[in-house]
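The letters A, B, C and D name the chains in turn, as written, and every chain counts its residues from 1.
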Amino acid sequence: MTRTHSGNRSDEARPRLEGVLAPVPTPFLSDGTFDRTAFRENLSRWIEAGLHGFVVLGSAGEAPMLSEEEAVDVLHSAREAIPEDRWMIAGVGRHATRLTIDAARAARDAGADAALVLPPYYYRRVTSNSALVEHFRSLADAVDLPLLIYNMPSYTGVDLPTPTIVAMAEIPGIIGIKDSSGDLTKLAAVRHQTPNAFAVLAGSAGFFVPALASGASGGVLALANIAPTMCLRLWNAAQSGHWDEARDLQARLIEANAAITRRWGPAGLKTALDLLGYRGGAPRPPLSALPEEAQKELASVLMEAGLQMDAKEAQ
Amino acid sequence: MTRTHSGNRSDEARPRLEGVLAPVPTPFLSDGTFDRTAFRENLSRWIEAGLHGFVVLGSAGEAPMLSEEEAVDVLHSAREAIPEDRWMIAGVGRHATRLTIDAARAARDAGADAALVLPPYYYRRVTSNSALVEHFRSLADAVDLPLLIYNMPSYTGVDLPTPTIVAMAEIPGIIGIKDSSGDLTKLAAVRHQTPNAFAVLAGSAGFFVPALASGASGGVLALANIAPTMCLRLWNAAQSGHWDEARDLQARLIEANAAITRRWGPAGLKTALDLLGYRGGAPRPPLSALPEEAQKELASVLMEAGLQMDAKEAQ
Amino acid sequence: MTRTHSGNRSDEARPRLEGVLAPVPTPFLSDGTFDRTAFRENLSRWIEAGLHGFVVLGSAGEAPMLSEEEAVDVLHSAREAIPEDRWMIAGVGRHATRLTIDAARAARDAGADAALVLPPYYYRRVTSNSALVEHFRSLADAVDLPLLIYNMPSYTGVDLPTPTIVAMAEIPGIIGIKDSSGDLTKLAAVRHQTPNAFAVLAGSAGFFVPALASGASGGVLALANIAPTMCLRLWNAAQSGHWDEARDLQARLIEANAAITRRWGPAGLKTALDLLGYRGGAPRPPLSALPEEAQKELASVLMEAGLQMDAKEAQ
Amino acid sequence: MTRTHSGNRSDEARPRLEGVLAPVPTPFLSDGTFDRTAFRENLSRWIEAGLHGFVVLGSAGEAPMLSEEEAVDVLHSAREAIPEDRWMIAGVGRHATRLTIDAARAARDAGADAALVLPPYYYRRVTSNSALVEHFRSLADAVDLPLLIYNMPSYTGVDLPTPTIVAMAEIPGIIGIKDSSGDLTKLAAVRHQTPNAFAVLAGSAGFFVPALASGASGGVLALANIAPTMCLRLWNAAQSGHWDEARDLQARLIEANAAITRRWGPAGLKTALDLLGYRGGAPRPPLSALPEEAQKELASVLMEAGLQMDAKEAQ
């Protein structure tokens, strides 16, 4: 397989996986196809803001909405825009191990630095935790790319238990977890039972402060798409032990974060981007653009959080 | 697009959708690729047994485990084996409307008589019921193929409410529902609020008798793969008002049915097929073959249900 | 303890537990205390309508809202009003075995023919199924009163599995189950695995027809409070094999049933009674009377079901 | 009503509600009745250890297992043992507002400093959040005793949303919340949207550190019953900004905490007390003493956490 991109850092070159990463949305043109220009425009602004890295083809990126061909196209566009000193992590969850291997190889070929692996969940009621560990082992054996576990119970119905995560963390090549469960008891247990090199990342800004207080090294935050500067300030505050400031920032952003995740999902995120001067657009059906009433409500939520268009992000 | 198969019956030719249909498993060779021969062998036995039709690429068929190319391959093989007087229904659930349209067109081109549509569920928390109705409407508009709704809450986490199903049933081209929820209150309400031509099919043998008593016209039963004759007898008994006999048959089969669905899923179904002289084999990882202990337990469950290899199915 | 009432039939005298039973509401005076007069007035109408029996202090009767003293008072009032040829069944669920024994003894002393036992559920996450079986065994040993199991997952979060119910059914003194789960697969399995003398009763009119088709001998139906005649007609139709008629009746009543159970609970039931000329009144806070808008909606649901005041119940 | 105890501090006297409180178990004699002596012995050790206060009749105290008379007895015994400079908080959840008022008055008369109010949950599916707010308002109006909200979704199935908690916090007399949900996003939002005087307490040691980092002022920790000194050290560490030490302590105790809560409940807690030289004994049936195998496992979990009998609690 040819490598047409930079990326895929060797172990020596790779910086610690920490800080604030954004799970980036995938914009579409009015005919519904991938809007490469808008995608790269957004990325260049987030890079300039100083975000530590990006998850491409995550839940916020409408990954399940794309064909395999489109997914590869998005990954290539991302790598062209993302410099080597920032993480590019590719979402690669599929239901079969063999399809996941194919997706991870495509991600590596597109220059991703790591893959974020959603565990298979359709047959969750008849899939044992040890089968899930084997899934990750097969994947790590087959593909030469660092892997992150993606625990996302609200979408998948699978909430990986601590011993399963710990067993996965022992597999060479598995370098961390993005945990969107919000279960801080589990996050602390995972942090305690895995080596320091295993990165524990909060999956939402809603619990970023307590996650950092519990030993997380960063977060993959949808909020970072619309408030990169404030998310970085929050992270820096926590890093330097200014918990009160971190807490205040998080509290101030909590409604905006809920609006673009739990409440309105990708449609909310894209509308917020449009309101703030980024390139959002419509999600793919059956997801649909926010109705006008909801748009107004979202605008006022953003305003209250100190986020507004044409102004620099609030300091 | 070329049509290389028969199938796709016109409205005049199409018989009422009723009776016992099997959601057929997809067998694999030892290298993990689709085993066409085994697939057709199984089908020919089920056809001979008199089943009214087949769902190809349903949950029992490990549909989420296949690539798009493999899915098309399976559909073509199925149509070659399934005669025109039996229903061939293709599972086509995808998360995006546009991908579902592509899948449904491929099913039509492969000669399917109808498509079984799993509603998009990954973003279920931010997808309204009316957006799901629109999804079905777009699909019906775009593809010239009869459509069935597939309500499967235990796998998808989406349990379509009655008014949503009724709204979908009003869309031309939507001809019925396979309801695997086991909610008989809903099934009766749907039956009552939709025209008679709208087919209500039970999604599991576990509640086939009460579903028929509530007005269902048939069932898509994983159990029909391993006990086609007994499922047909049960249906005939209910048709002729012999409820006691129908009830006895169902009770006798209830453990076997649980074993190949809720309890062990596709792995249980495939092992049962092997034990009964059909072609089962291993499921795709992360699904895994039953451990020996479970195989023995399954064998004894089948025995108690009067199902055994090399004997004709119990009369 | 003195016996001041009739009731407590000996085994010889006891008729088979079948037919239509009503779980009766507990009316309150404007000062919030038990309204004995209203209670007896309602009972006399339901007795006249021909209902086979009554559950006093069930979920519809706001049992958890009453003090122990009030509960005893309600039971005595009930027994005075309910003739010996109708079943009087007393709800006695408590969280501790010893408190349940006390409640069951009080029910026996008040003349109840049987007790309906909600399994303890507060500690459900740390209570094994075998501990629940022992709970029932201790109760049956300690109290000379026939017992019914009450499976009510939507309120308790406990859904008794089939083997647990079957184990309970083997305990002398346990004569049946009221199953409100709506899981017809389980109901059929329980029916199949227990002796005929063990009564299986549907816990809601929403699935009364499929339950009867699956071998239930009757139902404890909140709907019987507002539509006793139609519920009896439905039961008679099913008894004589007129399933189409039974199905039609159930379909016609399904919205009215939802309104007084799942949707509005005891407040809906009491408002419906007021609208139909019975004695309803307000439930105990925090349950609250229906807002005006909801009352209108309920009135129109009752109308559509053919239920109206001052007219005899629709024929 | 006569006041026979001290307690019921006036507002001036009351210290801020913070630090480490233990939800104490209720020991029973071999005949199943309340063991006053054992209860007071335990309390005197915990008081000596320096715990800031106690919840009597909480979930760990098997409150739902006691009759009203027994509950009053336990409260009186507690107040006799608990000095005025420690909080004595009485659990008073009942399903009806009027019964809750009675229970809260009995708690006040027994000398409790505050009541912990589990929201009514049996009818949760038909009880609006505003009805729950009214429940708390009626209670605060009727009883002259500070009230705490008890959010305990894993037992009750009710997870109070942030706006409901905020509305309750505005009612005079409602002084705080014990939140056992483990939802740190909510805890931070509640902290942010309520006045500082409103106490936010973590409901479990599993997430004590992130809760403190998010602004909680203390915790009601079952773990404090078996590891009071270590819980106090953890709290002190967090107070003085030594988050690493706090995190280590929590991680070390996490399995022991799970063992006496989620995993084995009151039976686990009581067995642990016996193993550590406190007075545990058997819980009330249907809860049952731990089987021998589980006892051994629990002993080894305690050992690994550095908790053992006859030695002072590990430093």
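Worth a mention:
The rule we apply is simple: a residue touches a chain if its C-beta (ideal position, glycine included) is under 8 Å from a C-beta of that chain, and two chains touch if they have at least 3 such contacts.
These numbers come from a predicted model, not from an experiment.
Common neighbours of chain A and chain D, by the contact definition above: there are none.
The centroid of the Cα atoms in chain A and the matching centroid in chain B are 36 Å apart. One simple way to say how far apart two chains are is to compare their mean CA positions; for chain A and chain C this gives 51 Å.
Residues of chain C in contact with at least two other chains: none. In terms of inter-chain touching, the protein chains here make up one closed cycle, each touching precisely two others. All chain pairs that touch, listed by label, are A-B, A-D, B-C, C-D.
Only residues 32, 59, 62, 64-68, 95-99, 102, 120, 122-123, 125-127, 131-132, 134-135, 138, 154-155, 157, 262-268, 284-288 of chain B touch chain A when the two sit together in their complex. Within the complex, the chain C residues that touch chain B are 182-185, 188-189, 191-192, 204, 206-207, 209-215, 241, 243, 247, 250-251, 254.
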